[in-house]
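Shared between the two complexes below is chain A, which has chain B as its partner in the first and chain C in the second.
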Partner chain A sequence: MTFDWSVVWDHRVALAYGTVTTILLTIATMAIAVPCGMAFAALRLYGAAPVRAFATAYVELFRNLPLILVVYWAFYVLPILTDVGLSPLATGLAALSLNVTAYNAETFRAGINSIRRGQVEAALALGMSRAQALRRIVIPQALRRVLPVLASTWVSLFKDTSLVSVIAVAELAYVSMQIRAQTFRVLEMLTAMAAIYWLLGYPQAKIVDWIQRRYAVSE
Partner chain B sequence: MEFDFSVITNNWRFLAYGVWITLVLSVASGVASLAVGFVIALLRLRGPRWLRPAVVFYIDSMRAIPVLVVLVWTFFALPILSGATMSPFMAGLIGLTVHLAAYAAEIIRAGIESVRPGQTRAALALGMSSAQILRRIVLPQALVRMLPAFGSLLSITIKDTAIASVIAVPELMRQSETVAGQSFQPIEVYTFAMLMYFLILYPVTRGVDRFYGRVAHLGRS
Partner chain C sequence: MTHLDASTDRPKAAGAKIIRYLDVVKRYGAFTALAGVALDVHAGEVVCLIGPSGSGKSTLLRCTNGLETIDGGDIEFEGAHLARDERGLRAMRQRMGMVFQNFELFPHLTAEQNVAEGPRTVLRTGLEEARRRAAAMLAKVGLADKAANYPSALSGGQQQRVAIARALAMQPDVMLFDEPTSALDPETIGEVLNVMKALADEGMTMVVVTHEMSFARRVGDWVAVFDTGRIVEQGPPHQIFERPTTERTRDFLSHLGWS
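Up next, the complex of A and B:
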């Protein structure tokens, strides 16, 4: 068996583009999914009954669907339903955002619910309005508790961006598999792909561990 | 827009086979990753000192690499190294197990560590061996505490089997792709697949929560 690792170096520019796309996709998805997640959490906690039901249904649906199916669904169904032709990249971004928004909504809801009722009651007794109590008492504490969960969602998302390769978004997994198909250097390219993911993901997993230790809640 | 769901009824055998494979692969990789994860957790906690860094390295690496990459590597690259070809189902089972066992190991480790050390010392003082302590004192409490995390791991397992479609495992996702491609009716087929996955996953997550609510008191100490 002979391996020719030069194929990896020869395609370094394409791999670098793929890597950058993966990272940008992660950042863009989180930038969309954090505010949207907050909005859905707020709808579930403070919305009127029908709004709450809708938000609950959305969160439960997308938490119980495989992401790869959402990606296919967005690719084939969104253009027909909305009559808007999206690029694969935009479709992938939409699918990832739909998925991560549901997870973030649940994270924010749990974070707000984790602050004991007594604190809000105490704030109301001191003469604060509900909005004030939420803004000045509940949310600052909830954010600290939510941060470690958001961090691990970030790492999951970073890995899940590989799934949009099935609709030909030119991120790291797709680019690597394209080069594999062109050069037939299967083992070399797939190992290089795994190594690049590992190099990027391993420090992130370690940072998540650190954040979780740093913001651990003990009651 | 016209919807024609006869494509589902016309291909129901083909799709039902996909549901069956999804269930079989989920159960098989769920059970296998629990067994492997248990061994890895014990190695990390009680194994020889020189082995522990390797175990930690394996767990953290699996947290860093996408399951798609593990599956594709297992199916396409591993046979080149080992010389033995594998069916897609076997590759899917191995890849999913290698990936999920790391998560299972962390859950099991956290569960075992959550039992206060005082209990282990008390059992030692009573003359139990460390195997006895694990079996009769630590695990009965730890297993109950691990239940919610196992529940989410099971739902992650079922969702991850869909990724095995990229290596042509004939599970629900793959079968849906095939039907959608042949019939040119992706909306109906993928919407049906969504419904099926939701019907499988929602009762699982709810069922585990409910079961845990019933047995949670057994894990308290």
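Up next, the complex of A and C:
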């Protein structure tokens, strides 16, 4: 068997577009899932009983479904339920956001719960309101604790965006598979795809390691 | 119950009653933590609450600024009933400083920021005034040079002194101390007690839950001995430590090797 690596170079523009789409998809998902995750965490911690139950149900549902199932579900069922036809990209973004929001909600909730009660009491004893204690004392500490977790979620998400290729979102995995189908250069394209994911993912993982060291909690 | 308010044994009793505990009851489920506690704290007094662990001293202190609610009786602060609503509680807490056993400094803030936090967030003094107060209070507890340090870079005794400065920055009328030296290494207890003694000498009204009997005796104006949710004896330190009138007080003090 002979290899023809020129196929990778020939399709460099398409691969570059796919790579950029993967990166943008990761950024957009996190941009949605961080505030939404905070909101769901707040609902679970401070909401009235029915709100809390709803938020808990949401988190437990999407945290425990395979992501690829959510992607298919968003693609086939969401348009029927909502009567809105979204582009594959928007559908993929929605599926990823539903999943990562659930994870982030759990991360934020655990982070806030990890701040011991004495901290809130010290804030209240100064005369702060509960909201001030949360904003000035609890949340800043919780954010430091969850930052390393969010960073690992980011790295997982970066790789998991490849799952939306099943609904024809033109990100890196989908583009690579398309080129493979047209050229029959299976090994070359899979290798190129692996190399791109790895070259982008490895530095991110190193940054996560650095964040975990930098924000290690010391009391 | 011995109320010696009018006698010469309580020289500061002429001052206004800042805190009045009126048969305070506190229950946790079936457990009665406070079974009717009556005690007055006058302006400028140092009142020490002593007694075995679990006898209700800390619970009473935590009821004073509303960190715990009471189930019976009443607490008056500066002539008014203890507030139950958040707005009233906040106004009251601003006038009561509290120091915790485990310091509870804010670990994400420097010593200076810890002390400035109350004035900034609660009193809305503005950053300059908050920093000015922080500098003054840190100097007062002898830690002017540690302003930029985070709590994790301070010893236990230093952390507790910052915590005292943090409470003082609100310019409270009363300071509540909840076993302020119980979590400290023996060699740093002295520096905290010295700061508290200096504060008492300035005339600060203080309620101190403590196991430091020598502090209660030297600095206290009035001592209340707790056991199983009750005050079994209260009086001036020389009475409590030299001529205790109840068996329970004698027992407690002898267990501590005091007699």
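Everything below uses one rule, namely that the second predicted complex is superposed on the first by the 217 of 219 C-alpha atoms of A that agree within 3 Å, B and C clash if a C-alpha of one lies under 4 Å from a C-alpha of the other, contacts with A are read in each partner's own complex, and residues count from 1 in each chain.
Here is the rule we use: a contact is a pair of C-beta atoms (placed from the backbone, for glycine too) under 8 Å apart; a residue touches a chain by one contact, two chains touch by 3 or more.
Owing to the predicted nature of the structure, the values given are computational and were not obtained by experimental measurement.
Visitor: One more residue to check, A:A194. First (chain B), second (chain C), both or neither?
Guide: Once the two structures are laid over each other on A, A:A194 reaches chain B alone.
Visitor: Looking at chain A, does chain C or chain B touch more of its residues?
Guide: After superposing on chain A, more of chain A is contacted by B.
Visitor: Taking the superposition on A as described, I'd like to know which of chain B and chain C A:A39 touches: first, second, both or neither.
Guide: Neither: A:A39 stays clear of chain B and chain C.
Visitor: Could you tell me if A:A28 is touching chain B, chain C, both of them or neither one (first, second, both, neither)?
Guide: Neither: A:A28 stays clear of chain B and chain C.
Visitor: Which of the two partners, first being chain B and second being chain C, lies in contact with A:P66: first, second, both, or neither?
Guide: In the superposed model, A:P66 contacts chain B only, not chain C.
Visitor: Output check: A:S162 vs chain B and chain C. Expected answer is one of first, second, both, neither. What do you get?
Guide: first
Visitor: Touching A:Q119 in the superposition: chain B (first), chain C (second), both, neither?
Guide: second
Visitor: In the superposed view, which residues of chain A touch chain B and also chain C?
Guide: The answer is that chain A has no such residue.
Visitor: Could you pull out which chain A residues touch chain C in their complex?
Guide: Checking each residue of chain A against chain C gives 118-119, 121-130, 132, 136-137, 140-141, 144, 217-219.
Visitor: Contact residues on chain B for chain A in the complex?
Guide: 1, 60-61, 63-70, 72-73, 76-77, 80-81, 155, 158-163, 165-166, 173, 176-177, 180, 186-187, 190-191, 193-194, 197-198, 201-202, 205
Visitor: Sort out for me which residues of chain C touch chain A in the complex.
Guide: 65, 67, 86, 90-91, 93-94, 96-98, 100, 102, 104-108, 117-118, 121-122, 151-152, 166-167, 170
Visitor: Which of the residues in chain A end up touching chain B in this complex?
Guide: Answer in residue numbers: 1, 60-61, 63-69, 72-73, 76-77, 80-81, 155, 159-163, 165-166, 173, 177, 180, 186-187, 190-191, 193-194, 197-198, 200-202, 204-206.
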